[in-house]
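Heads up, there are several structures right after this.
In the two complexes that follow, subunit A is the common piece, with subunit B as its partner first and subunit C second.
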Partner chain A sequence: MTPRVHANPAFPWSHVIGFALSIVFTLIAFFAVTGHALAHRPLLAVILVLAALQILVQLIFFMHVGQDQKPRYHLWLFGVAMFFFVVFVVSSIWIMTFNTPMS
Partner chain B sequence: MGDGLANTAGHFFVTGDPLIIGSDVAIVLVSLGIVFVLTYFKKWKWLWREWLTTVDHKKIAIMYLLAAILMLFRGGVDAELMRTQLALPNMKFLSPEHYDQIFTTHGTIMILFMAMPFIFAMFNAVVPLQIGARDVAFPYLNAISFWLFFFGALLFNLSFVIGGSPDAGWTSYPPLTELQFDPGVGENYYLLALSISGIGTIATGVNFIATIIKMRAPGMTLMKMPLFTWAVLGTCIIILFVFPVLSVALALLLIDRLFGAHFFTMMYGGNPMQFINLFWIWGHPEVYIAVLPAFGIYSEVVSTFSQKKIFGYKSMVASIMAITIIGNLTWVHHFFTMGAGPAVNTFFSISTMAVAIPTGVKVFNWLMTMYRGRITLSLPMMWALAFIPNFALAGATGVWLAEAPTDYQYHNSYFLVAHFHQALIGGVVYGMLAGMYYWWPKMFGFKLKEKYGKWAFWFFNVGFYVCFMPQYILGLMGMQRRMYTYPADMHWTGLNFVSTIGAYLMGIGFLFIAVQIIHSLLHMEKDLTGDPWGGRTLEWALPSPPPHYNFAVIPHVTARDEWWERKRRGEQDAFLPRPEAIHDIHMPKNSGVPFLMGLCFFIAGFGFTFGWMVVGALGLLGVLACLAHRSLDQHPDHDIPAEEVRRTEAALGRL
Partner chain C sequence: MAVMMEEVLPKQAGPSRTGDNGPVRLELSTADGATKIFGFWMFLVSDVLLFASLFATYVVIYTHTADGPTAAHLFGHDTAGFLAETLALLTSSFTCGLATWEMHQGRAGRLKMWMGITILLGLVFLGLEITEFRDFVGQGATMQASAFLSGFYTLVGTHGAHVTMGVLWMSLILYQLARFGLNAVTARKFFIVGLYWHFLDIVWVLIFTVVYLTGVM
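Moving on to the complex of A and B:
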């Protein structure tokens, strides 16, 4: 069941900061691409870095990674998540490389 | 002016086809009938108080089940129409456009709006009871999940009468689904309905992972958990990792269609193949999302009706987890023919075949559980028994399809159609029916009568093989899926005709299930024991249906089949609450906000479908308002006084 609501919860600053950051990163990526701010390859690098930053924002500000060392299953589930994340991204790149020696 | 209006209405409402006009009339009549009955019996308040605002997992389960059976009917009618069209060569029963729409809605509805709510009905009905909890971890979120599913399904079905149905197949591949080739609102309906219900599904995944990990009764270690609960845990882990991928793919395609982006177009740097890749990252694990809960149900049913503990519990758990992981690594076998290189195809060929290993382990464990067991042939057990040979065939043909070189022969042929229907009907539908019969007394407090159920079983089973075995051969003879019709000189006529007869037999089987439910409702045979089958797990220690707080006192679990062990030792009374052990019970309050939030999502979805951005934005504002209301709500919970619990338990004869 839902945990009891505290009478005077502290203002959720971390959520607000995280929310603002994720919007800012999205806007930067969007306008960098639509405005052709950089050449093709540097642009790709920039939006990939922004994507990685988004992941960190989610993990730190919303999922509170690192605030609680126990219990162990957090670590397990996090490991599984990272595993699938890497598999989906890396193999998608691999699958989509047609007609190269790699495929 | 009048002509202009009529013209607009003619585009807005689907008209012309007598089948659709007939359905329109039926929908209006049924809706009027429902309104009349609710008003006449003064049931509106009851509907709002007891159902639309409920956060009780048991009631949400019943609503999911009703929706799933209704959608099974709608998808089933689609199937019968298709089989009628294909019964003979050169048929003109349906128009080509109508046929395209029907195979699209059939697939989408059966997977997303029939199988998914059916498994969620089982999750909700059973998991909290099996682990000794009073509700799920987040009951309010659970209600939101249901209403998002409900309004997503409503939006999808609305396309049938307003604006036109999607018609590019349930996989909705671009570039065909890009605006350029598929104008009109049909695909928008598909994309938005699936996005809305997808949010609900992800929430359900989170909810049940939290429930199973955090809310087990004291003493129930992970390795004492019932196998159905294990299967749900595996399913929810898959949901959590792959449903977001579908959401992203659908959102990108929607942005292409609504805002003129080029993620999946043929030109301007788009790549339609990427949609196919993303779709199947979700699409293949979706098969395991649907079939793992069915495996869990078979484990419970086979063990209960053989009166033996499950053979190889640990290997069952290991195989569930192996399927959870490996099942996510096989998706490319859906597009071996796309032209990826030999290394890619080889890798995914092998990973696909590897899934057959843990599945095989499970089949042998079920067989070994039955071996020398005292088997009772009740309806749940009959469906479980029928499942084994059926699914073995589906698995065997699946391994053939997994071989990349031979897949070039089978790809998109009726061989494939027969294979996945065998996996999804023989695996999932049989499992859900077994689960429905098994837990029906627990959910509703009465048993379903066996007589019509047995008729249903035989019609459906015989019908299944008559319908789908010919399709394997048709596939090898070169008949492709999604064909609208075929010429007479292909030698396909006989097999197609037989297949259609099988489809009708399955339809009769479904009607028998409906008759069985109505007949059992009218001649109700109450289950007063709470344990009609000689069950093994905690849910059978409760009355049927359980009081809304489930357990007056949370039990201490000592064994794997706790209730069975207690019965064996003659200690059933250990589950009766002692009056002094009953305390106030902390429960969530009912709320109408999840329903309203679903409605707001529906309005937003409808607006965006037609490109009415203002309506869409207003709907989303409504969603935000609902979220804000919840955030500011200081009292979402209440306490049931111990005295009231004692009275309820005494009335149930348990005190």
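Moving on to the complex of A and C:
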């Protein structure tokens, strides 16, 4: 179904691109925060989006999620893990800040 | 599943064979290898649950500093420190990826070289983290000083313990590769420790963002 992009590429381009992207995302997040580039809430949103992009880079460029032979059970496992992660973290924040002034 | 039916096939290194869905990689070339890699993904799910609990705890209690050092104070005075830790770990994830790539080309020598570099970068990361913790404790920011610091050391320390484990584990696999050569078994073992290593990098990206960057905002 999904042919691997390069069976035997001469150079590991996808790794180099992934590495460059991860460094760029990290530095943007770091200097946006230390330089106080934005107000608190938009800045928080920006660094969370950058973290999500970083994670996608790791998964796609380095762990090659979704590029394996079928059946891709590990994609389902990954989905389950993300579901639990969001439920644990978001519901904890929600319930612990319920009816209290948000910081 | 045709791939998984073939019990024990290639035992020596070499370019990938061709299967139903494109080239079959060495670590997936036996049913045993494919099953164990799948099993390791299941372990990673359970490790996500561990870190999710620790992140949830940290986020809920990190403002509870009990008149002790705050996140802004603690992380703000040496932002270069946690940036260096992040760059060391990101680079090690890259070199680990290169090791996997060389393995798929059947080049055991370069695989071992990149593994060695990955282990060294892991040690650099651990050295930076231990220095940071010592520095914090020297400022009175001990684990029992406040809820914030208990959460901080538990979350970041659990990740550090994982990295320590990863360094030891990868060193043992490096020894096995040197001793037994690259075959379906050692390829599977390296591939699994590689998945673990990339996973730790993902957890660190979240720690970098949620703990350090949010702390100094």
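The working rule: the second predicted complex is superposed on the first by the 81 of 103 C-alpha atoms of A that agree within 3 Å, B and C clash if a C-alpha of one lies under 4 Å from a C-alpha of the other, contacts with A are read in each partner's own complex, and residues count from 1 in each chain.
Operating definition for what follows: a residue touches a chain if its C-beta (ideal position, glycine included) is under 8 Å from a C-beta of that chain, and two chains touch if they have at least 3 such contacts.
Every value quoted in this text rests on a predicted model; they were computed, and no experiment measured them.
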| item | value |
| --- | --- |
| Which of subunit B and subunit C A:Ala45 touches, first, second, both or neither | neither |
| First, second, both or neither for A:Ala37, with subunit B first and subunit C second | neither |
| Contacts of A:Ile23 with subunit B and subunit C, given as first, second, both or neither | second |
| Subunit B versus subunit C as contact partner of A:His15, first or second or both or neither | second |
| First, second, both or neither for A:Trp94, with subunit B first and subunit C second | first |
| Which of subunit B and subunit C A:Phe84 touches, first, second, both or neither | both |
| Partner chain(s) touched by A:Phe61 [first = subunit B, second = subunit C, both, neither] | second |
| Comparison of subunit B and subunit C by subunit A residues contacted | C |
| Subunit B and subunit C footprints on subunit A, overlapping residues | 1-2, 4, 7, 73, 77, 80-81, 84, 88, 92, 96, 103 |
| Residues of subunit C touching subunit A in the complex | 1, 3, 15-16, 19-24, 28, 37-38, 41-42, 44-45, 48-49, 51-53, 55-57, 59-60, 63, 79, 83, 86-87, 90-91, 93-94, 96-98, 101, 104-105, 195, 198-199, 201-202, 205-206, 208-210, 213-214, 216-217 |
| Residues of subunit B touching subunit A in the complex | 134-135, 137-140, 209, 213, 237, 241, 245, 271, 273-274, 277-278, 281, 325, 328-329, 332, 339-344, 586-588, 633-637 |
| Interface residues, subunit A side, partner subunit B - complex | 1-2, 4-5, 7, 73, 77, 80-81, 84, 87-88, 92, 94-100, 102-103 |
| Complex interface listing, subunit A residues touching subunit C | 1-4, 7-8, 12, 15, 18-19, 22-23, 26, 29-30, 33-34, 40, 43-44, 47-48, 50-51, 54-55, 58-59, 61-63, 68-71, 73-74, 77-78, 80-82, 84-85, 88-89, 92-93, 96, 103 |
